[in-house]
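Next up: some structures, all given as C-alpha cells.
Here chain A shows up in two complexes: once beside chain B, once beside chain C.
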Partner chain A sequence: MLSLTSPVETPAHGWRVGPKLLALAGLTLGLFLPAPGWPALALALAVLVAAALAAGRWAILAAWLRLFRPLWPFALLLILWHGVTRTPLEGAVILLRMAAAMGAANLVTMTTRLADLQGLVLWLMRPLAPILPAKPLAIAIALMIRFVPVMSDRAAQLAQAWPARSSRRARARLMAPRALAALDDADRVAEALRARGGAL
Partner chain B sequence: MERHLTHVALFAAMIAALGLIPRFEVFPGLGITAQSMGVMLCGTILGARLGGMAAGLFVLVLLLGLPIWAGGQGGVGLLATGKVGFILGFPFAAFAAGWVMSRLKGAVGVAAFAASVLGGMIVLYAFGIPGMAWGLGKSLAEAAVICLSFIPGDLVKAALAAGITSAVAKARPAALLSRG
Partner chain C sequence: MEPIRLTHASCSVPGKTLLHDLSVTLAGRRIGLIGRNGSGKTTLLRLIAGLVAPSAGTVRLGETDPFADRKAALRKIGILFQNPDHQILFPTVEEELAFGLTQLGQPQAQALALAKARLAAEGREDWTKRAVSTLSHGQKQWLCLQAILLMGPETLLLDEPFAALDLPTETRLRRQLARLPQRLITIAHRPDDLSDCDEVLWLEAGRLAGFGPPAQVLPGFIAEMTRLGAEDAP
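Up next is the complex of A and B:
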C-alpha cells in the first residue's frame, strides 16, 4: 500500500487523530514564534528529542530518521550560507526548527492510519457540504490513490510495446499516448460509476 | 458529474505519478521533477475550476501522508520545509493556467504554452519564492535567485505540456474541458 503509516505498532497508533493533529499544530506554531537565539534552539532540540523518544521502538525510529532525507539539501545550503556570513547560531536555529517541525509532523503521519486521517478530513469538511459534498470527495480520494499504480502500469505497458516497433529510443514520444490512455481509463471508470448509481 | 469526478482524480494521480519519474537533479535532493508539468496539464486540459480541484486533491492527499511528492515524500511535515510555497501554490497555479487557457483563442498548442508559463511558472513561483524564503530564513530576493535555476527546466515542461495538450485536443477533442 502506498502509505507512510508505519506497520510497527507504537502506543501513538492508538491515540485519537484529532488531538494528535491539534498538538502538532500548537507545537509547530510555538516553534515558529519569533524567539531568536538560544531559547528557540533549546525548544527545537527538546521537540526533536521528545519526538525521538515518542517514536519508541528502533524499527520505527530508523524509518523516521530516513524521512529527514529531503532536509539535506536545505541543510547544506544553510550551512554554506551561514558559514560564509558567519552567523552560525542563526543558521542552527533555522535548521533545527525546520527539523523539529518536520520530525514531529512525520511522526504523526507515521502513527496515523490513512483511513483515520481521511475520516477526520471528511468530518472537518462537513460545514462545506453545500459547496463540496463529502461523498464525492471521499470517492475522489480513493480513486486518486487507486489511479496512481494503474497509471504507472499503463505507462510501463506502453514503454514495453515501444521497443517492439522501433529500435530508436522513445524519449518524449510516449507522453501523449500515456495521457490519452489515462483519459480513456478515466472515462471508463466514470461509466462504471454511473452504472452503479452515480457518485452523489 | 461522474466524468468530472474521475478526471479530477485522474489528474491528481497524474501529478503523483509524474513525481515517480526519475528526476534530473540540479543540486543533490533539489531536483527538477515533472510534477509541475502535471499541474500545468491540470489547467490546460481540465480548465480553471476542475484543474484547480485536481491539484487541490493532490495537495490534500499529499498532506494526509501519502508519499507522492517527488522522491517519495509526504505528510504535513513537508509544510515545514522550503517546499511549502510550491505545495500550497499548486491549486492556484492550475487554476491560473486553466483560466488563461479558456480565454486565449487560437492554436491550442500556443495557448497551452502561454497558460503553462503563466500558471505553472509565474503563479507557482509567486507562492514558491515566499515559501522558500520563509523555510530557509532568507530574503525574498535571495530565494528568487535560487528559483532562477528552475526556469530552463520549467520552460521545457511548459513546452511538453503544450505538446500533450494539443495531442489530446486532436485525438480526444471532448476531453479538452478547458475549451468547453
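Up next is the complex of A and C:
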C-alpha cells in the first residue's frame, strides 16, 4: 500500500480525500445491490470504465491494470463454474462487479497521498479521543511509514549476510534474526522518543 | 549556564555495573569525554540526558532531575545519538524537525512553519518534504543536529559525532559545532580533538580516571593508551 501512491498526477489526485472515500463506499454498495442481470452488468461496466477514465494517463493506467492480476484465479474459477451451470449472465455480473469494486478501490489508493489518508483517519477518530488520544495515534502512523522501509532494509542486509558466509540457502532460518532486529529497533525508537519528550 | 552535577552516581544493568560511584561537577562550555571502548562513556551521556535512571546516587542539571522531570530536561539538554538512523523517528524532514517543537507545546502547524523557516535559513528549503530515507549519512546527522537545536537546549550531548563521516563532512560539522553557543559534551577518541576543551573527563572501566583541564588530564591518558597499545591483547 505504501508504494502504491502514484507519483504521476491524474485528475483524481486533486479530489478531496473525504468525498473520494465516501464515493468509493457508495459506489461499492451500489454495485452489490440486488439487481436484474443486464442493468447490473451495465452499471458494473460503467463504474469500471469511469475508473479507467479517471486514471487518465497511460503511465498510471498501466500500473492500475497490473493490479488486477490477483483477480485472475477467481475469474477462471467463475468462468468454469458458470460455464458448467450454463449461467453466463450471472457469471459475467459477478466478475464485472468484482473488477469494478477492485478497480475503483485501487484508483483511490493510487491517487491519495498517505498524509491525506492519515489526516482523515485522525479526523474520524476524534470521537474516540477520550479512549484513544489522537497524538499517539498520529505518531504511531508516522512511525509505521518511517520504519517499514527500514525493516525491509534490515531484512535485505540479513539476507546478504547469510550467503556471505554460507553456501546453503537461508530459508526460514533468518526469521529469528529478523524478529530480534525488529525488537532491537523498537528499543532504540523508544529511547529516541524519550530523548525528545516521549509521551509528554 | 547551570552546572551538571553527579553525586555518587552509579548505573547498572542486570549482572553488570556500567558506572561506579561517579561524583563530578561539569561547568565548562566545552567538555570532552574520553575512555576506551566499553568504559561507560555512552552510558554516562544517557544518564545525563535522563534516558536511564542512576541505580544509585543522583544526577542534576541545575536543580532538575533529568530522568524524573522530562519536561524541564527537554529544555536543558539534547542528545545526538552516534547513529542518526537510531534517532530519526519520522518519514519526512519537516516532520522530524517539527516533532521536538510539538513536544515543547507548540501547535503542529506552527512547528511545521518553524521547521520550514529553519531549513530556509540554512539554504535547504527544498528539503522540507524530502523522505529521510533518501538522505546520506552526513545529511541525516545534520538533520538530527538541527532537530535538537530547534528545541533550544542549553547543553548538547554528542556521541562520537564524527564517526563514519567523510573528511569534508567532518570538517563542516566541526565548524558548525564550534560556532554553537551551547555547552557541548562530546565523546571523542583522539586527544587532538580535546585540546580546545575547558574540561576533560576520563573514564576507565566505569570509574573516573581523571577530570580537569586538558593539559592536566591528557598527558596521563596518552601515556596509558600508548602503554596499553604496545601490549598485545590478553
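Things worth noting here:
Quick note on the criterion: the second predicted complex is superposed on the first by the 188 of 200 C-alpha atoms of A that agree within 3 Å, B and C clash if a C-alpha of one lies under 4 Å from a C-alpha of the other, contacts with A are read in each partner's own complex, and residues count from 1 in each chain.
Just so we're on the same page, a residue touches a chain if its C-beta (ideal position, glycine included) is under 8 Å from a C-beta of that chain, and two chains touch if they have at least 3 such contacts.
Because the structure is a prediction, the values reported are computed rather than measured.
In the superposed model, B is the one of chain B and chain C that contacts more residues of chain A. In the superposition on chain A, A:Leu143 contacts both chain B and chain C. Of the two partner chains placed around the shared chain by superposition, neither chain B nor chain C is touched by A:Ala12. In the superposition on chain A, A:Val189 contacts both chain B and chain C. By the touch criterion defined above, A:Ala101 reaches chain B but does not reach chain C. When the two structures are aligned on the shared chain, A:Phe74 is found in touch with chain B, with no touch to chain C. When both complexes are overlaid on chain A, the residue A:Leu45 reaches neither chain B nor chain C. Once the two complexes are overlaid on the shared chain, A:Gly197 sits against chain C while remaining clear of chain B. Once chain A of one complex is fitted onto chain A of the other, the partner contacts of A:Leu158 are absent, as it touches neither chain B nor chain C.
In the superposition on the C-alpha atoms of chain A, the part of chain A touched by chain B in one complex and by chain C in the other spans residues 139, 143, 145, 150, 189, 191, 193-194, 198, 200. Chain contact summary for the complex, chain A toward chain C: residues 139, 142-143, 145-146, 149-150, 188-189, 191-198, 200. Partner chain A is touched in their complex by these residues of chain C: 46, 49-51, 70-71, 74, 78-79, 81, 85-91, 95, 99-100, 103-104, 132-133, 147-148, 151. Residue ranges of chain A in contact with chain B, taken from their complex: 2-5, 21, 24, 28, 67, 69-74, 76-78, 81, 90, 94, 98, 101-106, 108-110, 112, 114, 117-118, 121, 136, 139-141, 143-145, 147-148, 150-152, 155, 172, 175-176, 179-180, 182-187, 189-191, 193-194, 198-200.
Listing the residues of chain B that touch chain A in their complex gives 1-3, 5-10, 12-14, 16-17, 20, 27-30, 41, 45, 57-58, 60-61, 64-68, 71, 73-83, 135-138, 146, 160, 163-164, 167-168, 171-172, 175.
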